[in-house]
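Structure first, commentary second.
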């Protein structure tokens, strides 16, 4: 079991009386990720409401704030229990076996236009033996082609742009991997989180985006950008692509500062708490 | 109350042993639309399963069929009770009032890239008084610009293409209207159905696509293509855009024939059954 | 030397009084391609004018026709003298050596958006030794990925679409090859023509599109679609991409029929006339 | 007559031994624009060559420079004689009247995909009386919709993006206007220059981009961005769109500084030299 303590601080200047915010910064609550402790601080005295998407455990905080500075600070301690599997044992699923609630993840979405990539994905990956290794092949195909470059993309960049221009950040890597998986009928989805153990030579601590692909009835973790060990990821949002899980959606005249993020891992062997490590095993932290 | 009887017949030639199909051709079951009677006939002797998306009542039929012809025929009799409202009484909703489950419909999707249309939509529609009339203004803006032309678009055509090229079919009209609504933060979604009363000079009887926009806590019907009276629509699928509710998704080597569709309305004043008619009132056939 | 006799017949129905046509169907006149004989027949009694683009020898016929049928029939006999070179002797040119009039062909154009493909082309082809072999590598890269499929693309399909969707016709193959060449600073351009020796199992006789790349100061022929031996190509139009050399541009209410095309090769060894044949040598039929 | 003195200074740091540059910063030489005096200073001792495109007078400077700083400074004094016409006297040209060399400007180009805008342009502008007023209508249509915002677009932004997103800089305004003109068969082209009299509240002194449309056999000036009086424009490059006339194209590992630009107008009534002024007359500074 992994225990991670993290905090997210978001700061804004608001220029009108009533700006609306929807945040997706709470740790998701799932059978594999328990929130041991959490605390939310909002600098303005406003009402807020929290709702949870039942299928994914994504939690959305909604509030309305007014003129002046706004600081939203969330901190939590979570315990993550991974399901670990030998890659060789994992099977791709026939369409007829995909659970109904997972079917939505074989279809295209705003940033993952898999409908246009059937030929390409079939030609590139159609010859691989089915299973975890094929998904890894997609991940490495992307990693081999892409350059990680902060600031090279924007909010309208999609998997098609990324495939053409071969540059981007973790979000773009994830969108491209999802699009390629769906193009060969593999259910794939987008996960946001905070990652312990990031290679800070690649990028500073920030929100991270990674991928889950369903194999043998479970969602397994893939990090096509390769910036951090998947075992060190705290799940925040789970959705079809970045549209579903923006860490903040702002309606109003507001200027944001850069997010401030901290994360530490707690090692306590007596209590069964281990540090995240790199592994070649298949990791799952979500229910089927 | 409206009673509509309809049938959908889909025919395929299958060239391999195990092709998968997902159909969304069943009448949706919602508090406003009761299925009085329905019958499904599948020409091959195969197992099938039906699942329902709880939030929308969309029903998906899944089956696997083999070499040779496949005929899937669905017929149903539905009773639709509309909620009818005076347009002037309907309010647009503040972001803070939109129910959590409806928030997904203010975000962009595969075919409705509202994120790129904020400036355009704000300039065109920002000056209108808020409410039903503003949504009608969007609908008329589209209808005035577009040419309805069968075969002019394809499965990758999105709202952006439609805005540029100004030609398309009902699906394209709907995607553009949804994108423009979302661009000014109006929750809007895509509905498929069979329409009684279509102007067959515009197009033959076929699956139809229309739009729902949330006002005062309810989803109201809009048909930007204007081909049929909204009161004559049988709801089949409800989703973010055409991705969520294709009438058929086929996995395998299969060639399809054109759908065969029939629909009739039952008039029986003694039983309170009326014919669909054109009205300027606001119509809702979905729960909030 | 190759002698090819060919004819092109274009038929239209015109619905208004004055429709304008611009045709690019005349054999180009270049130092390597002599028009021995040619004849133009226009079924309506109209004035027409012919102009030639000096740099490329492309010839454009302009006329205005009125209500009723219009038949434009062009036939010609051309003699083509190829410059033939051993591939190993051909060099890529430094930017500083590219002749001024050829610089335009390293820039992006409507259908060949090379500006977005620098990373991809550099990664795929940057490691190859410079020269003819590298251009062949690009040609084979495309041929390996693409499926030739009539009717799969349309007039707005560009190299970027083709790279994503991996399906198209000769025009799409050519656009993609041009875009990839320009992305690594190789001057590349688009040529239309009629091809003797087409593999009619791939497609019926039609206008063809192929590619020229400048090496060692000359334009060399490449046919990425591989449907016919480059030696059997009659050059008609030469330009940046399909925009510059449409076989017909029509302004008015006009419906076209399919083009009717014939081509034969004249063998007469005594006169030095040979049949076109497949060769691995580098072929040039244009001045530098 | 207008006399304008201007200078352009471009600074680079070069990180390899042989970087190639192509500059288009020389004042164009045309019958309407005489270069009275000009001087070029290149800080490294390198060979350079200058070539002129005959049809447009665009001049391109090519040089290769090595490691270290590079400063290219061009200054010139030009005299511009405008052809001034009453707008009401200008006619749109029938396709059959467009001079052969101008036909290229009715076709789409990399950034001006007019082929996709026929419906939109016909509907918006088809009802206007033909002539200068219709072109002005296009210009105002754009100006009314667009927001001028430095840094909002990049080198891959095209007229289609601009039409959707309604934000950009002078180059984007020009591309959109050109695309809309071509979509209704008006020959339109892209001009770069330095503008005297810019409203520096909109943007600092920089390269400018504007539009020429052919009417009654001449190219007339339009500045859709409206940042400066067209009479104060020094013509540098003339082409189909920004592809043809980048002020600098750099091949190599080079980092650029911002351009430094100065421009002054010389008033000397005795010599017939006037200051540029705003006028409602139609201005032409190019041959037909």
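For clarity, chains are labelled A, B, C and D in written order, and residue numbers in each chain start from 1.
Everything below uses one rule, namely that contacts are C-beta pairs under 8 Å (C-beta built on N, C-alpha and C of every residue); 3 or more make two chains touch, one makes a residue touch a chain.
None of the values given here were measured: they were computed from a predicted structure.
Trainee: Quickly list, by label, the chains bordering both chain C and chain D.
Mentor: Chains touching both chain C and chain D: none.
Trainee: Suppose you hop from chain A to any chain it touches, then on again the same way; how many hops at least until you reach chain D?
Mentor: The fewest touching-chain steps linking chain A to chain D number 2.
Trainee: Hey, how far is the Cα centre of chain A from the one of chain B, in Å?
Mentor: Whole-Å distance between the two chain centres: 31.
Trainee: Centroid of chain B to centroid of chain C, CA atoms only: how many Å?
Mentor: Spacing between the chain centres: roughly 45 Å.
Trainee: Chain A to chain C: how many Å between their CA centres?
Mentor: It comes to 47 Å between the two C-alpha centres.
Trainee: Which residues of chain D are in contact with two or more other chains?
Mentor: Answer for chain D, listing residues that touch two or more other chains: 116.
Trainee: Which pairs of chains touch one another in this structure?
Mentor: Result of the pairwise touch check is A-B, A-C, B-D, C-D.
Trainee: Looking at the complex, which residues from chain B come into contact with chain D?
Mentor: The touching residues are 116-117, 119-120, 123, 145, 147, 160, 163-167.
Trainee: Mind pulling up the chain A residues that touch chain B in the complex?
Mentor: For this pair, the touching residues of chain A are 20, 22, 51, 60, 62, 64, 94-96, 100, 103-104, 107-110, 113, 115-116, 155-156, 185, 243-244, 251.
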